[in-house]
Amino acid sequence: MYGVGLAKGLGVTMKNLIKPDRMFTVHQYPDRKIGLLGLAKMSNRNPVSYLLAQPKMAVKALAGLASVEDRMPQHSRFRGEEFSWYEERCTGCASCAKYCPLGIIRIVTHPSGQMMQEGDKYILDVFDIDMGRCMFCGLCVEACPYDALHMGSGFEEGKYSRKDLVIDKQRLNESPKRPSTWFRPQIENKGFDPQSDSVLKWSEAGRHEKPDVAHQEEKWVKR
Amino acid sequence: MIANSMTKVLSGIEMGNMISDAIPGSVLDSNETDVWIGKDDLLRVSRYLRDEKQTDFSFLTSITAIDYIEYFELVYHLLSMRRNSSLIIKSRCYGRDEELSMPSLVEVWKGADYQEREVWDLMGIRFVDHPNLKRILLWEGFDGHPLRKDYLGQDEVTEDYRE
Amino acid sequence: MEIPLIGSLDFLSVQSLISSFFPDWMAYLIAGVLLSFMVINAMVISTALYTWFERRVIGRFHSRLGPNRWGPFGLFQPLADVVKLMTKEDTVPESADRMVFNVAPVILLTSTLLVVSVIPFGDNTFLGRLNVGAIFIIGITSVNTIAILAAGWASRNKYAMLGAMRGVAMLVSYEVPMALGITGVVLMVGSLSLYDIVLLQEIPFWIVQPMGFLVFMAAASAEMSRTPFDQIEAESELGAGYHTEYSGMKFAIFQLAEFMAPVVTAIVATVLFFGGDRGWDPVPGQIWFISKVFLIIFLLLWVRATWPRLRIDQIMAFAWKGLFLMSLINIFAVSLEIILLQDPVTGLLEPNDLWVMSAINWVITIATIACMVKIFGKRKWDRPMPKKSPLANMYAEGD
Amino acid sequence: MSEIRTEPVTINLGPQHPSTHGVFRLRVTFDGEVVVDAEPVLGYLHRGSEKLAEGRTYVQCVTLTDRMDYLASMSNNLAYVSAIEKLAHIEVPERAQYIRVISVELQRIASHLMATGFLLNDLGALATPLMYCFRERERILDLFEMLCGARITLSYMRPGGVFQDAPEDFWPALDTFLRDMPGYIDELEGLITGNEIVLTRTRDVGILTDEMAINSSITGPMLRATGVEWDLRRANPYEIYESLDFDVPIGAIGDTFDRYLVRVQEMRESLRIIKQCVQRIPNGSVRTETPYFIRPPLGDVYSAIESPKGELGFYVVSDGGISPYRWHVRAPSFINLTVLRDMLIGWKMSDLIVIFGSIDIVLGEVDR
């Protein structure tokens, strides 16, 4: 009443204007502008010594033209683009293709005739995912019984044509193996962080190691 | 703290007996959960269910239709907010042609308005005496009713970007 | 002491400078064109800077950053906007009245720019020293109404028409309290010349007559359709109001005029209520002027970032029931005080008298606002206690 | 006094309009500024979810529910999976129920923040409250990213639990959020609740009576604002709500301001619920093993939860196969629109926008 509410509102907005910790946009992708103080802090110097050491950069910062790389920190479970796929682990069972709600995974295999004792190994001819239609629900990852397919962790796969969004076997193989820990507790327990530069080997991605012969005999032969 | 209670799901058999006492011949069948009402008596039964003190179904939760190939079944979920009890009444509608019709319940529960329009739009069941029975989700002039089991869909052109 | 920043830039001195090379009539023309060119460019550039300032400040109010990419601290952003708008296709609706459609933005910009011509920026920095400056401002700002109506009418767009109709109703109504708000100042000074108003402002007039200042600011923010009175545009209701159909350069002109309005308003308010270029030495008067303008602009932005907008009928009611009454009370009080306090011989007011007046006026202002809230605030602000409806009982067990 | 005869003007509000919260079209007839008739035209976002579901397995349908009310995906997930659990008689571990309740209540806060922010945006507050709301919602979305790697289309729940336990760093982050959030709500209320302009614009505008609300099947905060105390979390408790202590806020007269106020109070109640859940959450598994292709027995089921918009119900008919025979959604946003016309007539254009904004619809759910 009597304009008290209006004045209170003005106070709230002023508080948000002044307090720097109430900033909304704190991460500016891909880079952010930085002032002299920020630059000096980044190189652990005081601003004056920074100005003397790197005058060009310091002047640029003072003019508001300097920028440094910036990126939103993501959780390791982030479901992102470019699936991490390990051909070594894949058996071509096509569970992922069957489980995909949109049917965008295509798998073509043929029997190889090798390792017939363990039940024939299948050779993958085609494995491609149409990322243009993928909705990143992660059901294919959930379905994979051999932990061969993992969600990726990036989001920078924008392309100019939809055709380029179909990622085939070759690209899946070449892409850096930074699987998201979504639905992969074993990777999470290892402390693997897909946002760092580290890469996960195929032998470490599984929820269990390859069983040794003794274990297999106990399980299968004695029955 | 007040003790919580679940919404009481009324027994279809008991309610069926009660309805048929009030409006003889209206209840076709009933089981533990549902009551089947003849489509000609639906309006009278729903008005009875709303106004009768013992039932007091002032709230129409949802209307659905299901295509069982031989017939369409309409499902009405009723709720009494004062008594915290619920009832499911169903009604069957035979035939497949465009002239399928059911009585509209808009004058009993206004909440039936959009839901009946949706059923007409997607299932193709015409509601007699509905004040504004037009398609609601699809556009006027759409061919067919998509939620019917015999709806084949229009020719869909999906480009395959792989080739 | 007055340190002239841009030298003597009044019309007469420039004319006399030129008349030593050219015949009199030519000197008159050249001086006019030269000065107008300078002032127009200064206004356009300051408006461009103002758009950047507004976006940065509103951004910070929103806890965002605002434009910060193009150029140092994003200062080139207005330039980028202009380039983008100029290269845009200039569309005209098929059924539009082309002539009126094209002229409307020009009228709006012209009327906004003309206000600046009578402003004394400094002791000797001004374009024209009009002895009826205050009336000129009131008159020229009402031309806006015609431009807005023309734009809305010519577009043949229902949203534009609604916006224009609201605009006409609102602008015409708010002319009244604005003129009456200025009247209070004029009464005290005894002159319509803005130059005299600045000269006689020993104490800034917003201290002497706060009610007049409030009325003027409210009316002015309605005149330039800023929140809480931005019903002309009302972007959440009408899309863009009267300039819905405009694009390209014409839209840019509208935007320019629209963003120039706060600058102009702040300038006028500085002259009328903040003592123009008056300040303490050794800071030159022009600097004082600019910093006062910035202060008022910041206040306007602060209000804009905080408050929602009123409905059109509430705005009209506010003008006629609230501001009109307040301005009348203000004029009555001020004239009474002048009669009682002025020197019977010279008819002048001493600074001591001004302090007495301001003390009385602050009391009157607070009392008036309190009374008006009591009398006209029929709506009870406090909420009635919620009562459970008897129609539902979610704890019932059924039967 | 004879009145001037005026010509009514018909205006299309939408499908592209700043305040229709999506692709919604309202064909309004104005007499000057006063609404004399209004007709909503829906379906611009119709994707045929109900038909699509008939060709998918029960688990695949979870992804469809995300895309209906995209501001409250968790609630949609919960409503759907609880229907399937009822249909296929799947038990849910207790820890999973707690995590579900926590995430649904977080989602309720996020959804109400959006509703409040956009209501104020419709009032013309130049997006300031909206930005503040977005800022707080961002923190909730960060929490969701920790839980399930996505921020909007979550697909977090599965029949039989949730797909994965919350990570270690989720709980401290949730604690920080719970500590900060009441202060933020206070700040938001300081900006809005006492503001005279907001009060002038929203008090006594768009009044809905309790009788009319019940007769028109209105649910959610809109119903509670009319004074009807009806919340499915109390009236028909699901999951663990029975053991939780919280109040059901109701409004006084059912105007636009009450609708806003009920939402703000519900946010506080949600925080209370989450705090209790965090204290009580037991250890254990979070998911009952279910086959990939669930084959529920023959029959039908209707299961509803209290979503942020109202009663969100799923009616699923099973024919014993791997995909539902009929999959119907009782979408609260859609049914809440029933009274729109009656609420609008007689009000001015500015009120139209505000009343419409206070209903809080999401077009993904309206059109499905």
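A few points about this structure:
Labels A, B, C and D are assigned to the chains in the order they are written; within every chain, residues are numbered from 1.
Everything that follows uses one rule, which is that a residue touches a chain if its C-beta (ideal position, glycine included) is under 8 Å from a C-beta of that chain, and two chains touch if they have at least 3 such contacts.
It should be emphasised that the depicted structure is a prediction, and the values quoted were computed from it without experimental measurement.
Pairs B-C and B-D differ in how many C-beta pairs touch across them, and the larger number is found at B-D. Taking the mean of all protein C-alpha atoms as the reference point, the chain centroid lying nearest to it belongs to D.
We define each chain's centre as the mean of its Cα atoms; on that basis chain B and chain C are separated by 60 Å. For the pair chain B and chain D, the distance between mean C-alpha positions equals 24 Å.
Taking each chain's centre as the average of its CA atoms, chain C and chain D sit 42 Å apart.
Averaged Cα coordinates give chain A a centre that lies 52 Å from the centre of chain C. Residue positions of chain B touching 2 or more other chains, listed in rising order: 4, 7, 58, 81, 84.
The residues of chain A that reach two or more other chains are 1, 3, 6, 9, 12-13, 16, 22, 24, listed in rising order.
In chain C, the residues touching two or more other chains are 61-64, 305-307, 381, 391-395.
Of all the residues in chain D, the ones that touch chain C in their complex are 9, 11, 17-19, 30, 33, 120-128, 131-132, 135, 191, 195-201, 203-204, 210-211, 214, 226-231, 234-235, 248-253, 257, 261, 348-353.
Every residue of chain D that touches chain A in the complex is listed here, in rising order: 56, 59-60, 62-64, 66, 128, 131-132, 134-135, 138, 142, 145-150, 153, 155, 163-165, 167, 169, 187, 190-199, 292.
Every residue of chain D that touches chain B in the complex is listed here, in rising order: 42-43, 46, 48, 50-51, 212, 214-218, 228, 230, 234-237, 241-242, 245, 300, 302, 304, 311, 313, 315, 317, 325-326, 328, 330, 334-335, 337-339, 367-368. Chain A meets chain D in the complex at residues 1, 3-6, 8-9, 11-13, 15-16, 22, 24, 74-79, 99, 101, 135-139, 142-143, 151, 180, 182-183, 185, 188. Here chain A touches chain C in the complex through residues 1-3, 6, 9-10, 12-14, 16-17, 22-25, 28, 33, 63-65, going by the rule given at the top.
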